[in-house]
């Protein structure tokens, strides 16, 4: 099957953007990734042609996915994957599908988020969260007071609604940056937490 | 994560259809599945409420996916998964995603077919094959002579074109039967050939 | 109007697939078609390049459309045409539109199924049946428990739901095979039961 | 099949709009319709609640479909039906499908326009005409200089392009008025020119 | 910014259709436009290659937008703009966006109709009116009794429903004629009533 | 027209998120906005419930829209508006439509970007830039090597392609955050640079 196999020497993205020297902060951050994950996620290497862009991206990402929130880290990753599935983003589905599997300890849940979140047996709260995220992805111009009221009705606070929206919106950005640049996921993700 | 975990006692489909006694042919076929795969695929158990329907389904399926063809078995599974991805069919993506991984020995290829076949590094022949299958899935009314000519231009015979169309068309059927009945894949598929 | 007229010498499909010798069973079946209908439906002639494929198709088709079911034969044909209308399948609309007219004795009903089933004055039961079939055709990934509950609420059994789904799914297959091969309907259908 | 049969006493539209007294011009026009067709088309009866609206509609319609043009009357009806098929307009498909059959003497052509104009064997000129009309119907915001150039390349003059656009645009209006009011076609159309 | 600036010498439409001599009625009408607006709207100049077409268009337009109706003139313009926004029609959004601003004295309302009518703070009556108009624009084949009932529930009469439908349908026509011909709006509209 | 007028006391967003005390950096930034623009853009006030989120957003935004790039600031704003038009985002169309008018000195160009960028007379370079941005917005999963090659063919460098993609991707994020929260634009934008 030589002709369909992924070539290991594919560059991270399909644009020729030479890496800049890492700033101290970013060198430390890359080292920490390497230590914790065993590799530096390719999205970071993609941004590494420009330290200002890389640092701003990392700040937004870490605040969004790791800072305190009424949403668990797993829930934020579930939104990430459901949105990425709508947008059919190879990079994000591989990288964040692995995160859902790892955080939940449930490989089936990861595969459901990747293929069709509606197939998962979710609580009404989590189902409403993903329905909102995917509606916001598919037709943002139709989101209305009723949609926000629906989230409040299953127990989300206004701050939670911001966080759901912010995560969904963010992956609508990164999905498109990954697709525009043909970003390739690190091979390590594929077998994680299966 | 209790509330999102798949419940192991989910029935195969969401319709109450009591199994009929297996015919001799089907009992032998189920035994063969068990021996070769270690389980009977749930799609077969779903049809087992009626022997005439089960036998007809098995006959079509085996002819389509296993009989002699200008398409390899892997190529037929690639079509199955690319079509099922367009239709976001949880059952078929899990079951046939595993088949792509197993037949190719390439877990990455399986994941690419599931998420977005356009992300795979395919030969022009295989890319044209999947483009045709997905166009036929998405807007069959627009398929025209040019599309068939495009397949011939990369080396497919008219018989091959029939086979591409027949596999793509078949999974447009099974995707919908699985979605209509909320068919659940056998848990064994998830970890296969990762 | 020479340049728009259908050419009578159009082949059944746009692929060159020489007919195989008919098996005894298929020779008998073709003879029966000829006797009952006055012609052999072109979809059968399309499959006649391979007896295994033809026999499997006939088995599935006859079980689905003619075997015992909680759906009348007319209702199964109505589903066939509503689905084919969504998929804009010329072959199936001509052949099965004629069947709706013939089985109902109501040419108007046939034309409504072909153009827009929502224009027909249907019972709530039949309207729910076609709404389900068309939703399953258009966006199978969104079909959910509520949709099945809606069918039960108008009196369908779980077995009926399978049959609605199976007919709708089947025509999503044949519509695509017909479109992929540019299958031409027998001219006899056009004037039937008008 | 009582519950699906069209009720003969359905009103012309689903809005209660009492007919106004016909002006002399409209009385003469209705009489002429009756004499030529054997009935007054329901679209005219729908407008007959207000003579100013009826007269303006008749003026636009007759100029568009009957006045001198580089397009034949049949070609204008073909555009009408292809557009109405995209919009799934029951009224217009029945009424203008009959017109295509009558003007062409070719019932097959009528059925092709109703189901999927791409299935017809058309000259490149007529195919380009319908492709333009349907693109203008489906996504008018994408029509560009290339589309107009494509029409000129198959021999259409700028005046012809106006006429193609004007007929396609007009049926985008009447399709919507018919759908908004649930307009019912005169039963006489169904069997005409089959 | 030379390369993006609109060229002032752009013709009214992208088709070469020499103006016909104005009829007396149309000469008077153009003079009245000039006097009241300071210019002749380009849509009228576009039709001026043929007096029969121009006169019929003017009759329909003036009856629809200016004659007595249960809808205010502003409401009819709001429908015009919401429909034109769905169809992304540059000409109609510029010309009728200005009309909404002028008739309402509310530039914000004009901009909301142009960008997304759902962002406006509308009465339930006006919101239902625009929801109906846009649904009729987007998927006319799905409009049903429930939609008409919804309009009646917020106080619209059957005659009002006709008028909502007729205005929405009309702009589905003119949007497409403008797009097909690349019609350019008079520059005067841009700054009006800001 | 009281019932359609925008209420001046609408809150910035439809979520109750009390403002946090401004950090020194953000206090200085808000003061600078006030001085330069006469107001603080509401998107900044929306984020002001959390300084970490506000600072990260400002860092990304300023780098993207103001830092050195092969794209002019106007071109970046044109992408912002064309993307926001596809997503029908009221907030972004008002705020960035004003920016296009101000930076270009061309109110017509601003209105074209808001309504339909295809109506603008653009250089092939700028047209390709916007076509890519809108394709990436509409169907990111279909972006391929050909699309990147098309940008290179009109003179864009790989770094320019990143910047086009990054701006388009970013507004796919902010459009959704604005829609999810019903963000209201500052009233000052409406009349700017008309």
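A, B, C, D, E and F are the chain letters, set down in written order, and residue numbers restart from 1 in every chain.
Everything below uses one rule, namely that a residue touches a chain if its C-beta (ideal position, glycine included) is under 8 Å from a C-beta of that chain, and two chains touch if they have at least 3 such contacts.
If you want to know which protein each chain is, UniProt gives these names: A, B, C, D, E, F = Peroxidase-related enzyme.
Note that the structure is a prediction, hence the values are computed from the model and not measured.
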The chains touching both chain C (Peroxidase-related enzyme) and chain F (Peroxidase-related enzyme) are A, B, D, E
On the document's contact criterion, could you list the chains that touch chain B (Peroxidase-related enzyme) and likewise touch chain E (Peroxidase-related enzyme)?
A, C, D, F
Same or different: at the chain C (Peroxidase-related enzyme)/chain D (Peroxidase-related enzyme) interface, is the fraction of residue numbers used by both copies above or below half?
same
Going by residue numbers, if over half of the contact pairs line up, that's a repeat, so tell me which of C-D, C-E or D-E repeats B-C.
D-E
When contacts are scored as defined above, which chain pair ends up with more C-beta pairs, C-E or E-F?
E-F
Rounded to the nearest Å, the gap separating the Cα centres of chain A (Peroxidase-related enzyme) and chain F (Peroxidase-related enzyme) is 22
For the pair chain D (Peroxidase-related enzyme) and chain F (Peroxidase-related enzyme), the C-alpha centroid-to-centroid distance in angstrom is 43
Roughly how far is chain A (Peroxidase-related enzyme) from chain B (Peroxidase-related enzyme), centre to centre by C-alpha average, rounded to an integer in Å?
28
Where in chain A (Peroxidase-related enzyme) do residues touch at least two different other chains?
88-89, 116, 141, 182
With touch defined as at the top, which chains are paired up in contact here?
A-B, A-C, A-E, A-F, B-C, B-D, B-F, C-D, C-E, D-E, D-F, E-F
Applying the document's contact rule, which stretches of chain E (Peroxidase-related enzyme) touch chain D (Peroxidase-related enzyme) when the two form their complex?
14-17, 49, 52-53, 55-57, 59-60, 63, 67, 87-89, 132, 136-137, 140-141, 143, 145, 148, 158-159, 161-162, 164-166, 168-170, 172-177, 179-182
For the complex, which residues does chain A (Peroxidase-related enzyme) have touching chain B (Peroxidase-related enzyme)?
1, 3-7, 10, 74, 78, 85, 88-90, 93-94, 104-109, 111-112, 114-116, 119-123, 126, 182, 187, 190-191, 194
Chain D (Peroxidase-related enzyme)-touching residues of chain F (Peroxidase-related enzyme), taken from the complex the two chains share
116, 118
Provide the residue numbers of chain D (Peroxidase-related enzyme) that touch chain F (Peroxidase-related enzyme) in the complex, in ascending order.
141-142, 144
